[in-house]
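Here subunit A shows up in two complexes: once beside subunit B, once beside subunit C.
Right, the complex of A and B next:
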């Protein structure tokens, strides 16, 4: 049985519909991640689960108990749900220790001192118990917010873009630390972010939300390799869509010749002879100078339009000369082309991802 | 880069003649504001050594002052805090109307509330001790200071702070007590300090109910017993107490910066718990208590008395009413004009010239003056005019103009104009100066095309606040007004002192109507503030481009 279950949740802000039938579930101990562009409704999902927003229809169940529906609303303080806010929302008038202990009833009989010491150690805050929030760095504030939320031992922890205020270096380091802490406690977590790298680092399962509706809820590998729609394909990872025609043997014929994958994530609506769109990831497209060992694969001429230097790699935007279609390719940075250069490209596709062609 | 450019720009500016002139004018102006304080200190420290009150009398006065001020502050807190919580944290039908109603008692000067209640209770045959009635009526008129500041502090608190407390197991009320209230503490402290200073400023209520406060003592020693030196010494003692209060207020303000945490969307975040039905009705009762007791009850009673007064066709009082109305409006309008010009001058000086430590000290001292009771300032001005007569042979007091009164009022209320305009000026990005300078916009044109349009709402709010203070002002007017010059406040005071509230009622009603209009305008400005902040950046860009 799932720990968290959302069934057709609808939420409105005044006249505007912000969530339109959101459904997904999360198992005990899983870390789930909801991704989506700004304004897609991902934070609203968290607020509804936390009870800070009322839902219009549908229902939300936590540990098989309904906590939100059109007629029922359990108060936030009674849900056993913790939350780490984007801005951490630390209480500025309390020390780190008092912030962490805020949700805990302190009596002479319980072991709050020991619990505090353990939590400080778990989150690497041992020396900061007496310090005030404004004296902490961004990373330390983030860990205090996490410790405060974990201290009440919530059934579900919600993380609202918890790393968005941190710089890039700290970002990756803390993401790993946070995942370790959460996994060590077997904590069930739902996080929202617009940053897919963050999601790949932390989450076990994830979903993509757009305009208040979940496009796909899957494991992280599935979101990348088996996107169910072009929005998910475009949002999770880089890529370009290339026109082609479905063949009877499962291959696709297009501007880059005959494309055959080891596996095919096809749409049941597509049959042989249908026009299709093929998703090409940048690592699926190889510039001719590097296509060694694949000489049997046909080449297609292209023109380099843009190059984005990324340190170890360079991302090239290319235009196919024959069909005028655009594709992208990632190469080691020692492969150096300039905008306007003519190159040969070939496809080395392992997972063939197909969508029905757009009607014109 | 911008800082470097600005620094160079300011260095260049400081060397030019108009800016030196601007600084000189600002220094002269701020020194003039300090004159009464210097005069009081000189008079108090000079003179015969033994000329003062007995220790017993002094201790009695201190005790009475503490009792009066303490009572007013405590009662104001009891009235203001639940009301502020209700209008910010609870969403109920008519919330905006309730907020306006809670602001309205600000339109009633404490002496009008006091006179009305005393007369009403006497008419009803109810006896309440003078001390209690003084505390009750002053608190009803002054609680809006704490209400206003607490409400602002609660509104500005980050919405996530409340949500975090709720998710950590707090009920809405527990979240308010454990998080919101401690975070609003600096604002509440400022409200307490302002309420205490206004209570110390009062002489009319305390004198009427025979509460021997320090303010009344100064007035009595100086004007009734003719001992200016003893009066000045008592005034200096009071000044030291006020200094302590101002220091405490500044201390609270400094901590507030550390505590303040506002999110960009907070004004739009709706955190209030929705209630309706019987709960809403109960809440309305809670809000109605201070609003009705502090405004509507005295106003309705005054209207009843004014109707009786009208029926009696008291020709003399109507003539006096017209004179009082003319005097009040004249004083208030002149005060608004004078202080707006002065505040703009000092704000420009601060913006264009880097402020030295002497200038910073002058500005700080000008803030302290606001805390001084009107009686102390009036006495200081009186001493200055005697000194001028002694040295230059000019009799300023017998001149028959309201210049001295205007000077005294400007001294006390300068901080209202200076504070608001300066804080408005601080919100204008320094990069606009650089942009204007690079576009070859002269300093004068910059004032007209950038600062003034951006300071529009701050200027309007300041004008209304000054007008409100001008028409409510009593202690300084009472002492320094020229012969045959009356304001509505002095008319009310004279009739009320003669226990003829029936005759004072029309003037009181007129004053309340003017003040209530000003309070309503202030309330509307405050509502527009969010929009103004949002539009300011856009407007600034348009102005510079133009």
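Right, the complex of A and C next:
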């Protein structure tokens, strides 16, 4: 039984259609993540679930109860849906403790002191109960916002770009902290982000949204290794698409020679002889100074166009000399080439991710 | 040689630090400006060879009649000014709140009416409004002049109050309201606990300015012959030709009312700021 269920949700913002039939579901205790570029409608999905926006058709169900449809709209304050906003939206005129207890206003505060202490401890804010929001660091503000939303014990927690306001170097540490807090409470969560690394670190399942529609809803592994369309392939993880032609035995013939692998994104429309696109992740492409290394796998000459040093690894952008196609390769950083160098490129693919070639 | 050259600067720094304004480098300039103004005033007054008769002023404030102290015409005028300003101020708050709400609510008719009202009041002179109200509506509906004066002032200042309220409301970010919503607060609780506490410190200073200006603007009701402080002063000047003494005294009275008012609101504002 799914906790949250969206069915063909359509939302318009004035004349503009922002959501065009969004459907997915989330199970109790799962952390889901919507990824998508700016303006793809991912925050609108959250606002619709929270009840801060009305939907125009389709429906949203929480715990098997319809909360939004074209004719029905449960008020946001009655939904038991918590939300952490992108700017955290802490109340500047209240202390951390009062912020966290804000949602429990209706009952006397002192009866909640024990729960408050537990929540402060869970979120690592023990010493900060009396402090005001402007005195906190970004990471602390975020945890206060999280604690405030968790305190009302919502059925579903929504996180809107929870880490976008924070230092990039803190992302990984904080994401793990947040995941631990959420998992400790078995909280069902839906978050949105434009940053795939955040999604990988926190989420169990996720979806990629583009132009108001979900391209694919899957687990994280599936989104990366079995993308169903070129948009998902390009958005989740790095990669380049290489043109090729499908062979009768399942291999693909292209600029890097004959690529053999287990075909995962097997599109029934692709038959032998069809033009296809093959997704090459940067770790699928190996560079060598000369072609003599491995005679059994075909290789092709290429020119290094750009290099991005990343410490332990270096990311190379390459142009194949024969076909002018661009590919990328990630290598240990002791493998050192400079822009303009000629190298030989070999593909080491374990499985082939294929898409039908675009009509030209 | 060194001593006389340093004397003025030493004097200034002593004076400046006595006023605890030392950290502002512009203080010296401001003090110079004040000195210049005082010199101009002194020269202006001594130039016209005016015969000061300050002794004749107090009787217009308080007068002893039959062994009892009773209010003079100016004191009576002052009471009218205060009464008029207070009533107009309270009414302006109500009108302003109503107009601001109408401009913010998603009701097109209400928004058009309120916007039209605010724009008309802001773009026409108070004098014209007063004449229109008193001579047109006042005669038609038989409105007493004091009520017409209060109403004109209230309608005029109400437009500015509306803009202050609206700006204060809009200054509270939408996510604050959304967050309160998501935490399960109903509409009234959202207003009471989230919007008002954040908007109040923002709207207080401009509101205080507005009240001070209501007191000063109230002097314009003289033109429809309401016996306020300015009207009383005009009458006394016409009788006695004590123009300088009377107008200087009246100026001091207005300062004596407006300055403490502004100071009080400032203290309240500081108190609210401290709480956050």
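Assume the second predicted complex is superposed on the first by the 344 of 360 C-alpha atoms of A that agree within 3 Å, B and C clash if a C-alpha of one lies under 4 Å from a C-alpha of the other, contacts with A are read in each partner's own complex, and residues count from 1 in each chain.
We take it that a contact is a pair of C-beta atoms (placed from the backbone, for glycine too) under 8 Å apart; a residue touches a chain by one contact, two chains touch by 3 or more.
Only a predicted model underlies this, so the values are computations on that prediction, with no experimental measurement involved.
A.B. asks: Fit or clash for subunit B plus subunit C once both are placed on subunit A?
C.D. replies: With subunit A aligned, subunit B runs into subunit C, so clash.
A.B. asks: Considering only touches as defined above, state whether A:103 meets subunit B (first), subunit C (second), both or neither.
C.D. replies: Both subunit B and subunit C are touched by A:103.
A.B. asks: Tell me which partner A:83 touches in the superposition: subunit B (first), subunit C (second), both or neither.
C.D. replies: both
A.B. asks: Is A:66 contacted by the first partner subunit B, the second partner subunit C, both or neither?
C.D. replies: neither
A.B. asks: Which of 3-11, 39-47, 57-65 or 147-155 in subunit B clashes with subunit C after superposition?
C.D. replies: The answer is stretch 147-155.
A.B. asks: For subunit A, what residues appear in both contact lists, the one with subunit B and the one with subunit C?
C.D. replies: On subunit A, the residues that contact subunit B in one structure and subunit C in the other are 50, 52, 76-77, 81-83, 85, 87, 89, 91-93, 102-103, 148-149, 152.
A.B. asks: Can you check the complex and tell me which residues of subunit A touch subunit C?
C.D. replies: Against subunit C, the touching part of subunit A is residues 50-52, 76-78, 80-83, 85-87, 89, 91-93, 102-103, 105, 132, 148-149, 152, 158.
A.B. asks: Help me check something: in the complex, which residues belonging to subunit B touch subunit A?
C.D. replies: Touching subunit A from subunit B are residues 158, 160-161, 163-171, 178-179, 182-183, 185, 258-259, 261, 263.
A.B. asks: In the complex, go through subunit A and note every residue touching subunit B.
C.D. replies: Touching subunit B: residues 50, 52, 75-77, 79, 81-83, 85, 87, 89, 91-93, 102-103, 134, 148-149, 152 of subunit A.
A.B. asks: In their complex, what parts of subunit C are in touch with subunit A?
C.D. replies: Contact set of subunit C toward subunit A: 173, 175-176, 178-186, 189, 193-194, 197-198, 275-276.
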